[in-house]
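As written, the chain order gives the labels A, B, C, D and E, with residue 1 at the start of each chain.
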Amino acid sequence: MDTLYVLSQLVNGLKLGSVYAMVAIGYSIVYGILRLINFAHGDIMTVAVYTILSLVTIFGLPLWMSIGASVVMAVVVGLIAERTAYRPLRAAGEETTLVSSLAVSIFLQNLMMMIFSPQRKAFHLPENLTFLHNFNGIRLSTMNIITFIAVIVILVILTFVIKRTRVGMAMRACSDNMDASRLMGININHVVVIAFIIGSSLAALSGLMLAGEYKTIDPMMGFVPGLKAFCAAVLGGIGSLGGAVLGGFVLGVAEMLFAGLMPTEITPYRDAFVFVVLILVLMVRPNGILGSREGGRS
Amino acid sequence: MLEVTDLRVKYDTIRVIHGVSLNVREGELVALIGANGAGKSTILKTLSGLLKPESGEILFNGQPIGGLACHKIVQQGIVQVPEGRQIFSKMTIKENLRLGAFLEVSRKRWEQNLERVFTLFPILKERYHQVAGTMSGGEQQMLAIGRALLSNPRLLLLDEPSMGLSPLMTEQVFDVLRTLKQEGITMLLVEQNAYDALEISDRTYILETGTITLEGDSRRLINDPGVKQAYLGGV
Amino acid sequence: MRLRDNHLFRLIIFVILPLIGLIVTSMNSGSYYSGLVHLFGINIILVASLNLVNGYSGMFSMGHAAFMAIGAYASAMLTLTADQKVFLMPALPDWLMHLTLPFPVTLLVAGVLASVTALLIGFPVLRFKGHYLSVATIGLIVIVRAVLDNEDQITNGARGVTGLPDYASTGIIFSVAILCLFVLYRLIHSSYGRGLIAMRDDWTAAQTLGVNLTTKKLSAFLISAFMAGMAGGLWGHMQSVISGKFFYIDTSFKIVETSIIGGMFSLSGAIVGSALMTFIPELLAPLETGITLFGVQLPELYGASNMILAAALILIIIFRRQGIMGYSEIITDSLFSRETYLSLFRPDQYSSLAKAIVTLPVRSWQSLKARWVGQKHKSL
Amino acid sequence: MAELLKVNNLSMHFRGLKAVQDFSASLAEHGIYGLIGTNGAGKTTVINMLSGVLKPTAGTIEFAGRDITAMRPDRIARLGILRTYQNLRLFRRMTALENVIIGAQMHHSYSDVDAVLTLPCFRVEEDEMRRVAREMLALMGIERYADERANSLPYGAQRKLEIARILAARPRLLLLDEPAAGMNPQESAELVEIIRRIRETFGLTILLIEHDMKVVMGLTEYIYVMATGQIIAEGKPDEVRKDQKVITAYLGRKRRDA
Amino acid sequence: AKDKSEDEGASPAADTINVGALFNLTGGQASLDQPSYNGFKMAADEINAAGGINGKMIEVKVVDGKTDQASVASAAKKLIDVEKAVVVAGLSDSNYALAAGGVCQSNSIPFITSGATLPTLPEQVGDYAFLAPFGDNVQAYACADYAIDDLKMTKCYLLIDQSMEFTKTLAHFFKERYEEKGGTIVLTDNYMNKDPDFSAQIDRFLADKGGAEILFISGVPDDAGVVVKQFRDKGVTLPIISGDGFDTPLLMEVAGDAANNVYVGTHASLENTDPAVQKFVADYTAVYGHAPENAFAALGYDTMYLIANALKNATDPTDPAAIRDAIGATKNLKGVTGTVTYEEGSRVPTKSVTINKVEGGKFVFQKEVFL
């Protein structure tokens, strides 16, 4: 096996990983604060992608406008879900909200299916985004490059926001101790709403990237990436954005390297392998790759 | 400044505050003492908005605040040092203090206040970057008090500030309360250390199982034989 | 007196009605309704055993379907005839090929194999806390599925195994279910269960009170996997077809969901939740095939029942945050007591029961109203 | 009196921070010892090490002639060292009674199979545990809360509940971390009485951390004083009270202690 | 009281025949099963409009299987038990069809799967189970024959979606036939359903020195366009051939021109100029507002006619056993997806396989292969 081949598998892994990372980062913004395993995150991506598709194909809107609209749509859906299904349960514990997020997910999937039919649809990005660049035999589309850069940029911006700004401070406070945050004068509802706005907009963007990668969309498309995002966020360390991104990359690279480098007889075990890697990593670092020891002592 | 009339509070179905009325005047230090489970913490939590009153009126500077969201109440300057400290255990001391001044925007004011907190509790400066959850009990209590001071309270609600502090440190904290009082900050103090509480406060309410049984000038109560018997360990 | 505190009421709801239901369905096995009742029984086992881990021990496993799968395949291996196995599982060793065991024994083997799997995965994984454990258990499902799909020579791959004999009668399903419930009940209400709950509430404190966390966690996981394995065996013989696809993440999530809806911290919660999640979707199904309502033919709307169910789940969980049963057990306190049976002979019980039932709508309306008013008050 | 616990040069370092440094002590059977010191001196850390919650960086712990230095907490508990927590650690969703039963069941002898089969020994022992638990609640004066959920109890009662819980576990050595915190003088006076009675009835050894000098001076027979990780003084209460170092670092001048 | 109403219901029921339709109308299988059900229902309406079965109307009773095994099994029971269906049809995935078939078999009700192509299905389930489409072996054989006999290509690269029973079976039969006829499989590789990226496989293919002349990709519609496009993007212009999984407009929609030179072995060509086919397409478009989504619509349609034909010929159209015998006796029943004949003792029809080729963004009919 030559190095170029290995290298190109690595690049493929990063490519896939950056899509996972993109989903995971949006996922973990909400997850970090509320510890809400938001199974509906993936479905919000679906909603956004269908919004783009219908605006472009039915109303002939330009892509960038439809993307804007899809972000708005995703935020609206995210906020409705927050208001109706998550907020009334905020004090109720993680397990309970898990049910409501699964329910929201099922609701959205079926709604999408009713509106847009269960048929898979082709999803095209404009030529200039899908154009393939050739770097010494390693091929990347413009969209791949944009995704990768976007992940890094968004990570940097969000990290800055969370570490340095008032809002970010409030977010971290809420994730640490809700009651104390209230006593500090933080409007928890605002913080959560902001988190959902960020999370849902990122869901819309990652939906776009995911659809660009798969080139087809269907009403169920969001569930598996949503689940992977959850795994990535946990693998990276709950509550750590950098961890979520790293987790996404680890999943993507593990997948592609296994698919590319292993003999074909065992490549069907790829998904299993990814989880074996995940479990091994957690055995070494039980709080995730970048996770800190949970605070508190005896 | 603070007017509470006929306050009732319940947890789920059990009512624990049965019509309490009390008031705190501008600049005053009022103590609230009572046995375990009398409902002192419950009253404070209701005042700061963590709990919703079942009925009754709470006026702050003439404005009703009963049942308002917690952050709205804090915005008006009512700040609590909660029972059990409620620090942000995964964040550093620095961040905890920063959060104390969440609503306080002026950088200068924050620095001034911070200086003062540091002189009070030097350990906080020493451990500025330690994760708060790993601090000792007493250190956490200092942090909780320091954090509250940073927010420029108009009315400070203190729920057992001396709990877990060494005698020396308790003394110092009470000294701080005295200074604060001189600076004109209004305070409502819940304290198990009834003697200290009576000594430092202007007026005192005594709470028994959710109702106020006695109220009056602290000087007078401190010499009241009944109070002595029940709350001062029969000294 | 609250209705649910009435011994007679409990007796009727939890003993007499179910008994009648069971007798009727077992007389008519193989029918649609008895199929649902069987499903209900199997769900009880699954959910109750999951509650031991997720509710009582405070670990949060999402991998129950993996244990089901192992149980189902194990019992298939032991109940199919050699002819079938030659066709479906050609790589089986000789002794297994010709081994056919009575169904109850295969169920036990199914449970044991599931436990062994739990043991293997448990050692590395149970050290993880909270969601780390959840993710690892999701991983277990994926791994098990990969093996089932790819070891064609033993599992017949993704085509699955067919022709499992129809052994899952009402009798055996509910014997197993009742046995499991009983064992769980006893465990939970003995020092074992208290230790678990203590661990759930505060593991440090539990440890300094002599609770050995490792054995506690592992044993809870094993017992739970054992029961799930048996349920998987029953499931396979009820459906007669098994394949990796049917024991995947969605199946697992449904069990978790049922457990939370019913109440993770209660065995009666497992029963109530299972009943709800087994029967309600069936009741809703006619909605979408275009029923006629007030003379208007509604259009066919596939997915409508799923959406209604989803909305209903959210509502239930908002009104009963800890699940329908929360932390309480309705049955157990009185079901086995003499008093319950004596009360059958006390007429005053009947009158109070009647009164309770009559006033039920009024009171539930009032409590509903109270909730709404309370909610409004809060959001002010 | 025979020596029950022997601690040699115990140290605990967190990264750079020397939370405890060369802590040595020796507790005799049936004694009541005090451990006082400034906030952050390392008292709780000592108890954490004694109970196995933290593994010491250096030093050894010997209990009744056995080395327990790196033993698991549950095994240490079974040997009879039981502790309370400064920041209460009750089993919040259990009732007060059940909390105590957890303590009582540590030495139960029926097996899980006995429980499943509901054998008579199970019934008998369960009843016995229940009885013991109630007794302990009564001893601490909180039996009226028996059937209430632990986290809805008032703070002071929660403290007493923690003590009841470990008493039910038949301790030989009690480690109490600020048991009187959150109690008013009246109540802590009662607590002193209770602890004294406990010691007499059960013949226990007690190590007590406390900032309330009335409690410490009224109860203990020997006191260790810590500051910044080290023992700065030790001795009889009267000696310690007059120790200049202790006064400046810890007691302060104005105290009107007992 | 209940019995009475049932009796009352029985008199109109005498003029109708209840046919059970069991489809996964929601969940992952819905994209195949919804069109299938649409075709099925449309055919029933046509038959009823034309006077029904000897004067009796067909009443389609549908239950959603929700892409969930337990639901499918209980739906089958419901159709038989509650809806009193005399024959049950539907489903496009073998796993679910096996589940439903088992229930029907034990209740002695004929079951016809409209879309599952596992050739051993009837054998596994029992004498009441039938396939309406051809078996995977048939389409795989046809593809192999076409590659070797018509395209004259004897070195093949095989790419298999390992996540599904269907794709694995298809590849298995293709390989069997291809090698039997003297071809060689130079390299076999795998992927999983909905993989977004085939770079690893493509790189491996490019690195291989076996000299493949044609690619057989055993996949489903989800991936059809993506995988073809990515191979083409990396400069692989060789012909690609696949089974009915690739018979989807997505192939062209996603891959665009890259889809050219792809051969698809499938049930029918909707571009087929046969008037029956064109009528079906036109009617379907009229009823549902869009053209048939995929071949499963036509399969559903044909399945209904298969049932109707059997009901007409059965000695007693209310007796399931008689219906079963009548289905088994079907000979030369012409439909949109070919002509159905069940040979003696076989419950898998012998049907021709249509080979289409993508040219200029459209499926172009190449050949009808009879085995």
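FYI, contacts are C-beta pairs under 8 Å (C-beta built on N, C-alpha and C of every residue); 3 or more make two chains touch, one makes a residue touch a chain.
Remember, it's a predicted structure, so these values are computed and weren't measured experimentally.
Visitor: Chains shared as neighbours by chain A and chain E?
Guide: C
Visitor: Could you let me know which interface, A-B or B-D, is made of more C-beta pairs in contact?
Guide: Output for the comparison: B-D.
Visitor: Which whole number of Å gives the spacing of the CA centres of chain B and chain E?
Guide: It comes to 74 Å between the two C-alpha centres.
Visitor: For chain C and chain E, what's the span in angstrom between their mean Cα positions?
Guide: 36
Visitor: Could you give the separation in Å between the centres of chain B and chain C, each centre being the mean of its C-alpha atoms?
Guide: Distance between chain centres, rounded to whole Å: 48 Å.
Visitor: Multi-chain contacts in chain A: which residues touch at least two other chains?
Guide: 110, 113, 268, 271, 294, 297-298
Visitor: Would you pick out the residues of chain D that each touch at least 2 other chains?
Guide: In chain D, residues 44, 53, 85, 89 touch at least two other chains, as defined above.
Visitor: Can you list every residue of chain E that touches 2 or more other chains, as numbers and ranges?
Guide: 26, 30, 34, 162-163
Visitor: Please output the residues of chain D touching chain C within their complex, sorted ascending.
Guide: The touching residues are 51-53, 72-74, 76-78, 82-83, 85, 89-94, 98, 101-103, 105-106, 108, 110, 112, 115-118, 122, 126, 129, 165-166, 169.
Visitor: Quick check on the complex: what are the chain C residues that touch chain E?
Guide: 30-33, 35-36, 39, 149-150, 157-160, 162-163, 166, 238-241, 243, 245-246, 250, 281-282, 285, 288-289, 300, 302-303, 305-306
Visitor: Mind listing the chain D positions that touch chain B in their complex?
Guide: Within the complex, chain D contacts chain B at residues 14, 36-44, 86-87, 152-157, 178, 181-189, 211, 213-214, 249-252, 254-255, 257.
Visitor: Where on chain B does chain D make contact in their complex?
Guide: The contact residues of chain B facing chain D are 11, 14, 33, 35-38, 41, 83-84, 123, 134-139, 141-142, 160, 163-172, 192-195, 230-235.
Visitor: Would you tell me which residues of chain C are touching chain A in their complex?
Guide: Interface residues on chain C, with respect to chain A: 54, 60, 124-125, 127-132, 134-136, 138-140, 142-143, 145-147, 149-150, 204, 249, 253, 256-257, 260-261, 264, 301-304, 306-307, 309-311, 313-314, 317-318, 321-323.
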